[in-house]
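Have a look at these structures, which come just after this line.
One chain, chain A, links the two complexes that follow: it is found with chain B in the first and with chain C in the second.
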Partner chain A sequence: MTAGAVTPHRSPSTPERDSFWYLVHAEWTKFRTVRGWVIATGVTILAITALAFLFCDITAGCAVSSGASGTASAGACPPAPPAGPGGEPVQDAFYFLHQPLTGNGTITVQLTSLTGQIAIGPGSNGQPQMGSGLQPWSKAGIIIKENTSQGSAYAAMMATGSNGVRMQWDYVNDRPGLPGSVSASASRWLRLVRDGDTITGYDSADGTHWTPVDTVTLPGLTDPKQAGTVQAGLFTAAPSNGNAATTTGVFQHIGLSWPATRWTATNVGGTGQNGVGQPGTFSQSGGVFSVTGGSGDIAPLTGGAGVISIQRALLGTFFGLIPLVVVAAMFITGEYRRGLIRVSLTAAPRRGRLLAAKAAVIAAVGFVAGAVAAALAVAVGTPVLPRTGIPVWPVSLLTEARMVVGTGALLALAGVLALAIAIIVRRSAPAITTAIVVIFIPYLLTVGVGPQGGGNGRGGGGDWLLQATPVAAMAVQQALPRYYQVAAPYVVVGGYYPLAPWAGLAVECAWAAAALALAFFLLRRRDA
Partner chain B sequence: MDATIKIDGLQKRFGETQALDGMTFTVRPGQVTGFIGPNGAGKSTTMRVILGLDAPDAGTATIGGYPYRSLRNPLCHVGSLLDAGALQPSRSGRNHLLWLAHSQGLKAGRVDEVIALTGMQSAARRKAGGYSLGMRQRLGIAAALLGDPPVLIFDEPYNGMDPEGIVWMKDFLRSLAAQNRAVLVSSHLMGELEGTAGHLVVIGRGRVIADTSVADLIAAASGNRITLRTTAPADAMTALTSAGAEVTANGSGVLTVSNLSSERVVAILTSHAISFSEVSPHRATLEQAYMELTRESVEYRGEATS
Partner chain C sequence: MSLAARVFPPPYPAGRALRAAAAALKAEWTKFRTVAEPFWLLAGVVALTVAVGAVAGSAARCSSASCGLDPAAVSFTGVYPAQAVAAVVGVLAVGTEYSTGMIKLSLTAMPRRLTWLFAKAAVVTAPVLAASALAVAGAALAGWLILPGHGFTPAHGYPSLTTGTDLRAAVGTVLYLTLIALLSLGVAAAIRNSSAAIGVVLGALYLFPITAAVVSNPTIARHLNQIGPLPAGLDAQATTGINTLPLTPWQGLGVVALWTAGALLLGALALTFRDA
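The block that comes next holds the complex of A and B.
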């Protein structure tokens, strides 16, 4: 036991080197040995999962007709909207002047006029007062479609109210052609060429010089039962978000590569719940066709138009985040309160490394809690969600993976942000209060002002909060795609965020990084 | 590593208070160095500067030539206990030691060793929030010993210990020094250091008043005086004074005699037939020596605050 009097004491157990991972290991040991913190993390996971069930199980007050005996009080749900070839709920309601095309063929038209009527105010007898005008995505053009059933495959060339010539196909796809609007002096020539399941769209300003817009292959265009016959012809649609509207297109120089038959007029979808607002009409004079279609569109449904997604299962995230934020703050304020920070700093005198180790542990805990909670929430929500009776948007596995991983990152960054705030203010109550203000108040505000958001999804009252505050990270949970070719209220309550998923996460990351930098500066400068 | 703490010219001001004012001393291995001074003299501040917790306004504190903040796995070089209450109350004592061990790359086996070394096996797995102050001190000592460091720094380690604990602590500190470690122990009570410290650094008002071995300090305070115990103090005083001695009465038959050797005192008393029960060299207590040294700084403080 007693060493020689002149030999300096030597530690036999001294490790040869130090390592950042020793500190991470130490901070992890600190975390897992306080039972309350582990329990609070479990509460985070449980809360998000339980709220997923709650939010997905909210019934729409109607009974889904599935053969089972529904509750007596609930009325029958409105008919489900059609699904496009990709399985997504779509709107497929337009006026279609068509004839069958068997085998390959080409249709060419010259569009000389695109006009419309829209509701401009309340009229009399329950009918709105109409005035001339076009919506940005009012459309008229030519289309080749599998058949006249809603949701069938198609490709179309069209002129639009203010987005120039477009080629669109299978509801969710859009490609721009010639810019500018249509008039007698600036007519637009449109052409579709069918070759089996492949359709190529062309446009031209003069009928002589043609530009291909895109070539697309439409699986299912050729149904064997129809012996390769599809419907081809003229169409108009007036997207109006449920308001009364019409779109009129004037066509001439209609060229068909096959022996022409009689034109058939069809209001695709009829005039029911998912059909057109009012029946279309057409007149023919010489070779000039004037085609007027009622309100309707050929487009995917959006969150603003009554579609929900599995994102609903993650609505509890911000409430589940509360215990995690409290734990992240107390992970360091508990040390300040009891002087334990001095023990930590004698064990890890290089303060940046201590801070990094603490942040790494909180980030790892937050990530695992968030990802596990999100995975459970999606698993719980998926079978429950159809019970709402609201059309469910199909979400790819890749998108679900992004939502799960992104929720993990969202919680990890929120934990780091709360930790950094706690180091800056050093006391539990102000730290937790500040973290709540920075994270939760913007969340509540955005949910509150969401419905007043602008019709195009921009400029709503809560938009800047969703772009500039940590709640921007919620964008990573967005499951519904935003379609610029569909005018709809892209607002928070519909499931849309102004930033792209990873951009939203980057905003939260910037907050966490800035707070961490300030925490590092103060931790280094202060006496402990 | 050279297990020497070197404090050189530390200055530290907290607002209006000059906490450290040129603090300079050296702590060497192989003995317990008592670091003593009145409350507020700068003991804790000095220790915090040594451990890199507080930054001095001027001066340096090094361990084996290196500032604390540059040490790799510092707990393997310096063990310290500043505040036994620095604990997460809901964490067990063993888990407290476990995270400290992990922070230095030490294994859990070392944790059980220091638990046994400090005699806290029975409490180790209970929540530290329920520990008595004495048990917290033992846990703090165990934490300081984790890395088996050659340098140990304890701030007021006797606080809250029962008499049995104080005896244990004194033995323990002596044994650590006997293993050729440098041991710096602060206290505001000299009695706690008596019999333990071989060297003393006495401070007041942020600077060193005395930096000396215990033997030298007591000799200086004792002077060349003799203690005499007699049943006839008045006769003895008369006889010794006439022989040229300075005599002061301490009451109840005890006199303190200066300027005469003990042989001369015995001869004079015998020739006058004065009976006595004791003639011995006067020995000041460490407490008296300390009071003498710090009187000035304490008085200064009393005036300054009144």
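The block that comes next holds the complex of A and C.
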């Protein structure tokens, strides 16, 4: 063998072999050809979709009167709450001293006192012991309302317990006016001007210098059957989350732009269920009106107060996360266990690119699985949800799209996080456990599970756990809006998260990015 | 070994059964102690239990007589993450046998498969029990030092933090962690894949309480809290409001023991009737 040197064979290096997408394609082939991983991804989708049925089909323990299929043993549901002009379930219970207003007009009052009583302890005869005190959103003022039935359109100017003067309209809207509380020395002048469907609210501290608070158009204000007649007058309400409370407002210098008629007193919503806690009263002497209303409010209902939304359909996300995290971790630990990692790194010596390709594949799998599952869950949950007998909050198509896309992103990032942890740990079971503990435990400690249920003897974990850990991304599924002007328990089990939807997702993204950075550092530094 | 011989192995000659069991135990203990990973995992159980308990204790404030907080439950909050590490110990004890192929060697040396499984279980039990006891003692000590300064005083209805119920909470927590490790061992023997097994175990632990918290029907929530191993088992930690629990503390631990027995039974059946 003395012949000339033989040129060793080299397979040609083609440009597409150097491309990143070639690597992604290789990783995708690895993923889709492992049957267990494809099945686990299917389980993710199936779990989220199937559990939508369970979480939406929660019986309220009563039969909806409109449905014929109610079981005989179940009692009738309490009457459904009224719906506001936007279709949302609302609370509309207050004491209303009103007279009809036909056509355009203006009502002006001076509010010289705002006081209240709240329950401070158990009293005698089953009646709670009352003491003086105002809720932050106890309110008294003037209102122009379509009619005295619940859920009708309105606009109101009011003074509140500790939130200053506000203009509120159609239940969900709120605009601040003059700050500070009301007293005889610091009275508040309020004015509402009606011009067709448009109402402008003004406030003033002295009755001469007026500031417009807002101008709003209420499409439902003029019912043709009423020939443009609406009800205008004084009102008080004491929001107290079901406890006994009253609010008293003292009004004087009542100015009406129309010929005054007799005042009619109405407890809007009646008393009892859906109405005020106790009938209101008023007294009048020499142009000074003292108006006292019982517990009630003019506001949207909230998740804590028995409203549900299509968000419930996505509660299976936690079930779907487990198989996805397992697959994402095995996607790399399998390579370490079988030594495939050495082949992979020989074929793609630039380790960062291999990591990026793996992350891209697992993120794509997670996103598609999450988005498909969420879309299916919403589709399954939508027809099931109204059967529960609990009022359903209407959710816009745009919000549903955000929930679906956000769930996809949530699962994609969880997959990347698990993959990165698996590269750091290089062992399946510890990696999967770390990822699941990091994602699940903050949520578990926040919802306060354990021996005593809701108030579990452990106290709440605090909102910070849902702001600083990957599970913050669950905020992307929040469908119920949070209202500044409604004091209610905005808690996780009611469907409220402390962060805004995309901010929550950004927190999870930061975790995934940090873990990926550490994984990249270790993958480059360590021997495979 | 034929299937019939596997299911009904011939009886040991008189006097040999104990020696065979002792040999199996010794072999499994050698496997356990000569690998570093279980030691670090058990150290993790202790560290997580104490650290998370201390943080929870530092965050807890009891400002009135009816603050509703349970000092034992607060001190032992660390069990929430620590049980996952205990589960890893149980899963890996069996899972690594399968992932490394060691199982073939083990069963060749010990053809009576159930002897092997129960030797494995016994070898896992002792160190997990010891580590759990250390973890719970550390968490109790942290709580004992921290909580009185945070309003858990006789004036607020916490006369002493070393009563009989507190002792029961501590013992119950130790037993709980050990049962979870054994439950995981049984699941791993049934599934034979560490990754899938740990996913199943953590799902069984964490999904019950999450579902119970968000389901709005209180009857369903109560039942979920009764059958889920985590919520039922942690009933054993309660020292206040025991009458409002879905289960009594010992009943709760009984539910976990049933889960563990079921998982070990499944593992034993799979081991007996399947080729390794």
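Before moving on, here are some points about what is shown:
Throughout what follows, the second predicted complex is superposed on the first by the 497 of 528 C-alpha atoms of A that agree within 3 Å, B and C clash if a C-alpha of one lies under 4 Å from a C-alpha of the other, contacts with A are read in each partner's own complex, and residues count from 1 in each chain.
Convention: a residue touches a chain if its C-beta (ideal position, glycine included) is under 8 Å from a C-beta of that chain, and two chains touch if they have at least 3 such contacts.
Everything numeric in this text was worked out from a predicted model, so none of it was measured.
Once the two complexes are overlaid on the shared chain, A:I45 sits clear of chain B and of chain C alike. In the superposed pair of complexes, A:A244 makes contact with neither chain B nor chain C.
Of the two partner chains, chain C is the only one touched by A:A329; chain B is not. In the superposition on chain A, A:L345 makes contact with chain B only, while chain C stays out of contact range. Contacts of A:P430 after superposition: chain C is touched, whereas chain B is not reached. Put simply, chain A uses residues 36 to touch chain B in one complex and chain C in the other. Within the complex, the chain B residues that touch chain A are 1-3, 29-30, 48, 51-55, 68-69, 71-78, 80, 82-83, 85-92, 95, 98-100, 102-106, 110, 143, 147-150, 175, 178-181.
Interface of chain C with chain A (complex): residues 37, 41, 56, 59-61, 68-70, 73-74, 77, 80-81, 84-85, 87-88, 91-92, 95, 99, 194-199, 202-203, 206-207, 209-217, 219-221, 225, 231, 234-235, 237-238, 240-241, 244-246. Of all the residues in chain A, the ones that touch chain B in their complex are 1-15, 17-19, 22-23, 25-27, 29-30, 33-36, 334-335, 338-340, 342-343, 345-350, 527-528. Note for the complex: chain A touches chain C at residues 36, 55, 58-61, 308, 312, 315, 318-319, 322-323, 325-326, 329-330, 333, 337, 390, 427-430, 432-433, 436-437, 440-441, 443-445, 447-459, 462, 493.
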